[in-house]
Structure formats: structure tokens, C-alpha cells
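Pasting a structure below so you can have a look.
Order of writing sets the chain letters: A, B, C and D. Residues in each chain are counted from 1.
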Amino acid sequence: MARHDFEPTAFFNAIGTSAPALKVADGDTIVTRTLDAWGVDALGAQRAGAPNPMTGPFFVEGAEKGDTLEMRIDRMTANRETGWTFAPLAPNVVDPDAAQRLPSRERSTWLLDRAKGLATLKTPPPALKTFVAPFAPMIGCFGVAPALGQAISTATSGPNGGNMDYRLFGPGTTAYFPVSVEGALLYLGDGHYAQGDGEIVGTGIETTFEVEFTLRVHKARTIKWPRGETAQEIFAIGNARPLDQALQHATTEMLAWLQADYGLDAMSASHLMGQMARYDVANVFNPAYSVACRMAKRVLAELRSGSSL
Amino acid sequence: MARHDFEPTAFFNAIGTSAPALKVADGDTIVTRTLDAWGVDALGAQRAGAPNPMTGPFFVEGAEKGDTLEMRIDRMTANRETGWTFAPLAPNVVDPDAAQRLPSRERSTWLLDRAKGLATLKTPPPALKTFVAPFAPMIGCFGVAPALGQAISTATSGPNGGNMDYRLFGPGTTAYFPVSVEGALLYLGDGHYAQGDGEIVGTGIETTFEVEFTLRVHKARTIKWPRGETAQEIFAIGNARPLDQALQHATTEMLAWLQADYGLDAMSASHLMGQMARYDVANVFNPAYSVACRMAKRVLAELRSGSSL
Amino acid sequence: MARHDFEPTAFFNAIGTSAPALKVADGDTIVTRTLDAWGVDALGAQRAGAPNPMTGPFFVEGAEKGDTLEMRIDRMTANRETGWTFAPLAPNVVDPDAAQRLPSRERSTWLLDRAKGLATLKTPPPALKTFVAPFAPMIGCFGVAPALGQAISTATSGPNGGNMDYRLFGPGTTAYFPVSVEGALLYLGDGHYAQGDGEIVGTGIETTFEVEFTLRVHKARTIKWPRGETAQEIFAIGNARPLDQALQHATTEMLAWLQADYGLDAMSASHLMGQMARYDVANVFNPAYSVACRMAKRVLAELRSGSSL
Amino acid sequence: MARHDFEPTAFFNAIGTSAPALKVADGDTIVTRTLDAWGVDALGAQRAGAPNPMTGPFFVEGAEKGDTLEMRIDRMTANRETGWTFAPLAPNVVDPDAAQRLPSRERSTWLLDRAKGLATLKTPPPALKTFVAPFAPMIGCFGVAPALGQAISTATSGPNGGNMDYRLFGPGTTAYFPVSVEGALLYLGDGHYAQGDGEIVGTGIETTFEVEFTLRVHKARTIKWPRGETAQEIFAIGNARPLDQALQHATTEMLAWLQADYGLDAMSASHLMGQMARYDVANVFNPAYSVACRMAKRVLAELRSGSSL
């Protein structure tokens, strides 16, 4: 259960099978730093190019194809005074004729008051003088090496994770990834100080972070899509276009999860999901969109206590 | 501000321009009853055919094309001992190959404990013996006459509302519809005792209701898609396939709303939505899917107090 | 086998169950005239409003719910000197960021040389001085009354037909529609002098026509989507968004057709379609897109001659 | 203008930046062999694993990022007695409820009569005893190294080409790819003896080929998506899901092509495309679907001759 401090020196724009930056044991904790989405570090130096240069990859001993890698996000400390966003809305999230009426895209700087946990536009338009975005940190892009020798652009995502841009991947959440190669090879970066559903301006508030996380290997436990767990919920992620297919993947994965781990047959799981499931549109901007299907742990706990009677 | 009690005798499977069932004044309240999605009433009698037979239409004096009809949902009282659902998951919400492995579709009866506000499966599979769905009533299908002489099936939805199957259209919510014909002609039905996001088994818990609601006309106030308001949020709805387009409609409508009513230009509204917007997948089952784009009133209130400084 | 000449005086922007304009017998031929998409007639008079005002409806004696209506398009005579189109490309047929760079939409007039069967822009840009579009007439919008009391906007389409904008619906083609109401109630209009695949500028070359067609009822023969037949091919149409779903409908309908009429089981039909099917993108502009799935009659004829050995 | 005979010994399931298998000069011709989609060679030996193992990569001297690689497909000689396909139709190409009724997937062997240019099922169902698929060879999967260090699975496709499964990529067609890395690095495989539109059973008739092709570098000529040219037409390809987006990419690329090479402004190109463009659904089975937008060379030639007057 060692704790490693890793200072990255090389960064990657694709999640593939690069040589490990650090090898750690099952159960170890890593503290490291991430660049922002365009490759600028905490001191303002350009360290790598867009999109979303990754820190890593981290090799976890014992992880093999068919296992699941657990990554508990222990802490995300924003470590720069500024972040940035784009506006206006991305053209693909509004009606095509409305897209034609949008103003030109601009990059805005945000001031990050890390003591108070707030972000404000550096030069706000008059209507937004009092607008404050609360600190709600999340990892925009992270995942493990994909199968078949693929190296997937950090602009997009897949079964192995990647640029999912999901609000709930923040401190306190545990993420799970399907392992395809020895050591799993975890990459991470693209931290957001805050972000709305869908990443509909094409960014969250992009900045740099010190991230602390703990890795564990679940042997011979196979999942197909990234999963996650907060104090209140479990969730499964689907990454694809269109949203319909991302939702299909997330729903299928949740169905499989409930069947494998909660003792539900397809019919029982369907009843539960039909009346209790929740969906989040994580991102609707990247080449692959991301949808989360969530279930409350409270509901699942009631089932288990009940079925033990 | 009269209060009308209306007992329906005719029902409609399309939202069109049928002759008014009742004419009311701007500001009046109506109490009426709805059939379930297959046309069965509170006493178990088959009164009309599927899909979603509608009570109404209600003609509101003074409403004209280009106005907005406000409908405050004051109360939904479930008035039958049973509801029903389908299972398993609908084939279009899982991966196509997973759809091929789903069991056959069955209809299940639910017992509605209206005193406790709970629903339970009448003959639950063993794993669901303790599963209880809390009462969370909503109107599945409602809306006003569409433009151009159309009559739109209550299986689907459009700019005029219809079968949106959105969880937040319950008591305490105020809905808004774009008026296309004189009197607006409001129809409603398809009440759900509870429903998860997406209506992914093809139904909520379908039952009958006594519904009380209050109608008001906003003159010369034009909206393009249904909108709503709860104590905490405002939301705009898009109805279309695929989900991507439903989301585009909802986002475009929210953008227009923030510009028209909250003094925001497109850039300011984009900043706000980009970091604060939320999406709900209302239904992903009907011919047109429904997506809601939500904004917290608290955020909007802070803007206004701020901009008044 | 009467031949009727029908001069329309009322026009419809929705395909519903309006009172019949003319009743004809099974096997009769009708000659009638259609307005252009904006409601202008052959003499340049505005006779009705957009979108796509329909001539009809024609009631065919003996047609009942569950039957199929056959409509042989015998002749389409363009009967005006001019047509019109829009440009540039519609924003939904290009990448969203490319849509933002398109010039503003303009309406262009075309001169129709009916003797030579050619259309030319009235005031062509320099690069198009020699551009000539050959006469390739088609009915953009036609169909029969839908089920359940619906009235569907002529801007869009459904299982009953409507605004499919398919190039192959021209003279020599026989169309088939599923009958939902007594008399079938056929509507038609929106003739195009020519049109590319997809109707990607939002119009064909819009003009007025005299159309001659022959109607026949196929009793107790149920189809789900519009079908068609040329000298060389049979085809099935799907109308929906996204294109994926339109294609699914067309493919499913062709599969059903091959099973019902050509003695193929699902496996045999799949082999045939997998190696021989063709798709057309009829329109990718209207609220519902349209896709055709085609099969060569020659291939089907070889099967039959073969299996008779 | 050398002619190389290359016998592959290593194969790749991702199109990335593997070490060159052969370096050739601009203008050289290569003769080589491809495995079938599952990695079996002309002699029936398993040489590599699925999906679509690639021969190559071929390094073309002088090719650099921003250039275009031309690949003229000179010859495709089927060099095995058998091919194979799947049936029934893939579940994603029919309506979801129809997918649930499809029979189980089976693999079928085809006998390839190379003298006559015909394929027949080895054990045809009775209805298909006389069914013969004509030889219409095509390269299912080919392309060049993508940008940013990506390695893209040969199951899917992107701007760099890949598993497009387009009927027109056969002998006589010239393909064009955007070069992202030095030498371009061309890969190819997955030859089909024949295939219908859409690859709707998930395969063409999969077999092995000897392929002869000629490579040329177009310096400082940048394209975004694969393009092609036959004797009659030019075409641009878009690869994405859903079909709508694949079509948007293809349309956008054709628009750019007409503007860059044929002297048309956006408005003129739109007129031409609106009335004359054709679309093909290349595949609607792979993770990324492929759509081609075609324009007749005859039409383009008339413009040029005209404008030269």
C-alpha cells in the first residue's frame, strides 16, 4: 500500500500501450499532476500539445486482460490561479439553424478562488458580473489501454474510458475500467474545475490539478464499459455517437451489472431500472458522446436486506 | 377564477383540433379524471382504446395562436388500487445484440398503497419481494392542439407537447405550451404513479388519476417547445428522434428563454449553460424521444440580484 | 376503369381524414393538377399556403383498413415555365461547424424548357452558366390517411407516406400504401422537375404538374411502410429520424416483403439482401428522413425460375 | 516506377504507425496478398486474428503530413476457392423488435467460381438454389496512419480510412487518403468477392486476394476524408455514427472538393449538389458507418467546358 509521488515528464494524446511511466503494486496510491486540456501546466508553461495530454501510463502489477481496474479518486487539488472555457454553445448541441446564428467562438479566462472554492469570469459580460461557478472538480479524460493494439485519441472515448467528461468522476468517486493489457496502463488528465451536463460549450473550466488516487485490481472480473460508484449511487457509462447508442451501452452495462452482482434476473433488473434508473448526459460534444445510467445504492440495499429474509 | 369539475365521456388518441369538451376562462381551475394508457378507468372499465386516450380538449378563452398556455399542475390523486407496467427493457434501449437476448415482454400488475404512497409488484419475482416504488406522480401525455390542422398520435410528441413521459411533470410543476389555435385546446392523460428516467420498459406504473390544474394565458408570448417550472428549476423540453435532436431542441429553447427573459446575450447564456445546465432523458421509448434542459432558479436569481447592483 | 379529370379547389397541409374530394372505383384513373410546395399554381396564382398543399383526398371504393392501395404513376407533365429551389446546402446535411460558414439562404428561379426536358437557373452564377438539370419528374409528397385519427403535416412523413421526396416516385413507378381508413384517402402534391439524392438544399426544382395515375385496391394485403416498383426494381421505404432508423424501417419492410411474396425464409432473404440490396437516401432534410431499400427484379426472377426446376 | 511484389509476414488489427513493411517510391506499383477478415490466407492457413488483419504498412517516400496519398486499385484477383458470410441480417439494421425475431447467426461458406466470376452458397437453402452473386471485388478495409499517434481498430474507420466496406473501392477506382505521418503508411485487407450496400449481414463474401495497386503522392494537397474516383464519378466518404453524421462528413468533403478543384463557390456547388448528388450507404454495420457522396464527372466536365467559352 505504498504512496507514490509521480512527476510526469512525457505526455500522450492517445491512450494506447506506451511504455509505463511508473509501475505500482495493487493497492498503491499515486499522487501526480495533470496538464490542462491544451497542455499547459500549473506554472503556465506549455508542456505538451492538444488535445488533452495525459499523465501516465501507470502500470499496476498483477492486472491482466479480463480483470477490472479500480481507481478511487481520493483528492483533486486545483493548483493554478486560472482556468479557461469556450463560448458560445457548440454548434452540434443546438438546432442547425440556431447554430448558424451563434456568435464566433471565443476563449475566456476564469479566476479560480481556491480558498473559497469559486470560479468567476476574469472579464465577465455585464449580465454575468455576479455569476459564480462553485468548485466541482472532475477528471475529464482518463482510462486504460484498449485492446488489439489500439491507441485512441484523447479527444474521444470508448470501452476503455477516455474523454468522457462526466461530472461525477470527481473526488469520492471510484471508477472501474476493463483491463485489456498487462498492467492495465492507466492514463489521466483534462481536469475541470467545474462543468455542466453535456460539456455543451466544448469545455469545462479547464485547469491543472494535483490528483491523488488509489488503484486496485479485481481479478477475473470482466466488465465491458467504465463504471463508477459514489456514496449514493452506482453508475455505468456508455461512450458512442449518437446519444442513443451511448445510452444503449450504459443501459446494457447496468443490466449486466445488476444481473452479475445483485442476483437479479433480466426481468427483475428491468422492473427496477424501469421505475428507478436515472440517466446523465455526461458529454454531448466529443466525437463519442457519454451517457451514465445510475441506480441508487439505497434501492439496491433494500433488495438485499429483503432477499435475505 | 372558477373551479370546474369535468367528467370526460369521449377520449382521443390524437391531439388535434377536436370540438372543445369544456370552455373555461383564463385563470380557471379544472378537476377531471384520466384513463390509463390502455383506456381503462378508475373502476376497471374499458372506456377507450390505446394508445393513451386523452381527456379534453379544454378550450381556454382568449388563447390565440402565438400565445403561451400555462398549466399549473395543482394535484394528482391516484384513484385506483392497481397499476401496470411492461418488462423487460424495451429492445431499443439496449445494444441490438443484447436486445436479442431479452426475455419476452410481459405485463405486470402493481398494487398501489395510496395511503403510504407506495407501489409494489402484485406477484414479484423472488429478488424483488422487498422492492417498493415510491409515489411520484406525473402526467405522461398532455399538450395542446398543433398547428396546420395536424392531429398528432398520443403515442408520440412534438412542439405542442404530447407523450413526453417526463418525471418532472407532476404536482407542483407548471407547464407551458405554445398555442397554435384559438382556445389552445388542452388534452391530458396517461398518468404514471412512478417512472424512471427514459421510460425504458415502455411504461411508467400506468394508472388512473384525478387531476386538478389551473390554466392561464400569456398573451403575445411565443415559445417553440414545451417548458416547465418547479420550485427549484426552469426547464425546456425537446421532442424528437434521435436523442441528439431532442437535446438540440431543448438546448435551443433554453438559450432562447434565457435571452428573452433573463437579459442574457447568447454569449452570457452560453457561459451559464455550459457550466450549470442539467439534462434529463425524459423518455427514450416513444416515436419521439424527450429531453429536458434544466437551469437552477437560484443561479438565475443571483444573476438578477447581481445585475441590479 | 373510368378516367376522371379532377380540378382541385381546396388544398391541405396535413394528410388526415378530410372529406373526399372525389370518389373513384377500384381501377380508375385520375388526371389532376398539383400546386408547388408553396401553394402557387400553374398560372402563378397563390392558391394555398406552405408547406406542400395537397390535392385530394381521393376516396377509392372498396379500400378498407388492412388493405394496400396501389397507385401507378402514369404521367407527370410539368405545366409551368418556371420552378424554384433553395441554396445553399441545408445546415443539417453538413458538419455543424461547416454549417456556420455557409452563405445565407436564397431562393432561385429556374427556367423549365419543357420541350427539351431541361432546367436552367434563370440567373446562374458564372460557374454554372452551362449547368443543365435534366427533367426527372417525381412526386415529392403523397400518401394516404394515417391511422387513429391522425393528420400528419405535409412537411413530414410516416408509415402512410407523405413528404418522402424520393427520386424514384416518378412516371413508370407504381407506389403502394397501407390503408388505414375506408376509401384510403390519397393526397398528392409537391412535384419536382428534378432533385438530387437527399433533397439536400431543402427543395427539388419545385413546380406544378398535371399528374395522371391509376388506383387499385389489394384486399387483405397488409404492408407497414410505403413500397414501390419500377421496371427494374422493387423498393421499400422507411420514414424516420435519424437516417439509421429510416434505414431500419426500409430494411425490415423489404425483409417482410421477400418473406411474404417471394417464398424466402429470414435466412434466405438475409443472404440475398446482404449481397444484393441497394439503398437510396431519398431525403435527409424533412423532419422525417426517408430511405429506400431496393432489390433488382432480375435477381428475384432468377430465384423463382430456379426454384421451379 | 518500380513494381514490387510483397509477401506479408506480419499483420495488424489496428491502423497505426507500425514500422514499414516495405518502402516504395512515389509512383511505384505493389503486388501483394491479403488475408480474409478472420486472418485466414489463400491456402486456408490461419495467419492472424480477427478483425481484418492488415497487410502493410507501405511507406511511400516523400509523403508528409498534409499531403494526399493516391492509390490506384489496378487489379484484385480472388485467389481462393471459397469465401464466407454471416446471416441473418445484423440486429442493428432492422427495427429493434424485428431484431428480436431474427434467427441465430450462422456462418456460411460460398464457392467461388473464379473462371465464371460467380459465387454460390455451398449448401444453399432450397429457395436460393439458383442464387448466384456476380464477382464484384472490393477492398473492405484500407487506409493510412492516423494523426496524433493513434492506432485505430480495423473494425472501424475514420478520416484516415479503415473499415469502410464500400462497394466502389474495387479495381478501376482510385482512392485518396489524407497523409498524417511521414511515408503515409498504407495498410490494406478484408477483401470482398461481392457485397451489397450497407454490409447488412455484417460481411461481404469474405475471401483472400492478390491486389495490385499504384501509389502516388500529391504534395501539399490536403483533404479531410477519404475520396475516390471511378471512370464515371468522383466521391467523398464520411465515416461516423450515426448515418446522419457520416453523410454530413461526406457532404462537407464533397462541398470542399468542388470549391477547391472545380472553381465553384459554396452557392454554385450547392445548386449542383442539390440537384445532382448521389449517396451510397457503404456500410451500416461497423462501429463507424460509411456514406459516400458522388458526383458525375460528366456534369463537372460540362461545367468546365462551359466556363471556358
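A few notes on this one:
The rule is simple: contacts are C-beta pairs under 8 Å (C-beta built on N, C-alpha and C of every residue); 3 or more make two chains touch, one makes a residue touch a chain.
These numbers come from a predicted model, not from an experiment.
Shared contact partners of chain B and chain D, listed by label: A, C. Between B-C and C-D, more C-beta contact pairs join the chains of C-D. The geometric centre of chain B is 34 Å away from that of chain C, both derived from CA atoms. With centres taken as mean Cα positions, chain D sits 32 Å from chain C.
Of all residues in chain A, those touching 2 or more other chains are 92, 96, 102, 241-242, 244, listed in ascending order.
The touch graph of these protein chains is complete, with an edge between every pair of chains.
Contact residues on chain B toward chain C in their complex (touch as defined above): 12-14, 16, 51, 148-153, 240-242, 244-245, 287.
On chain D, the positions that touch chain C within their shared complex are 85-89, 92-96, 98, 101-103, 106, 108, 119, 121, 125-133, 194-201, 203-205, 241-244, 247-249, 251-252, 255, 262-268, 270-281, 284, 289, 291, 299, 302-303, 305-307, 309. Chain C contributes residues 90-92, 96-97, 99-100, 102, 242 to its touches with chain A in the complex.
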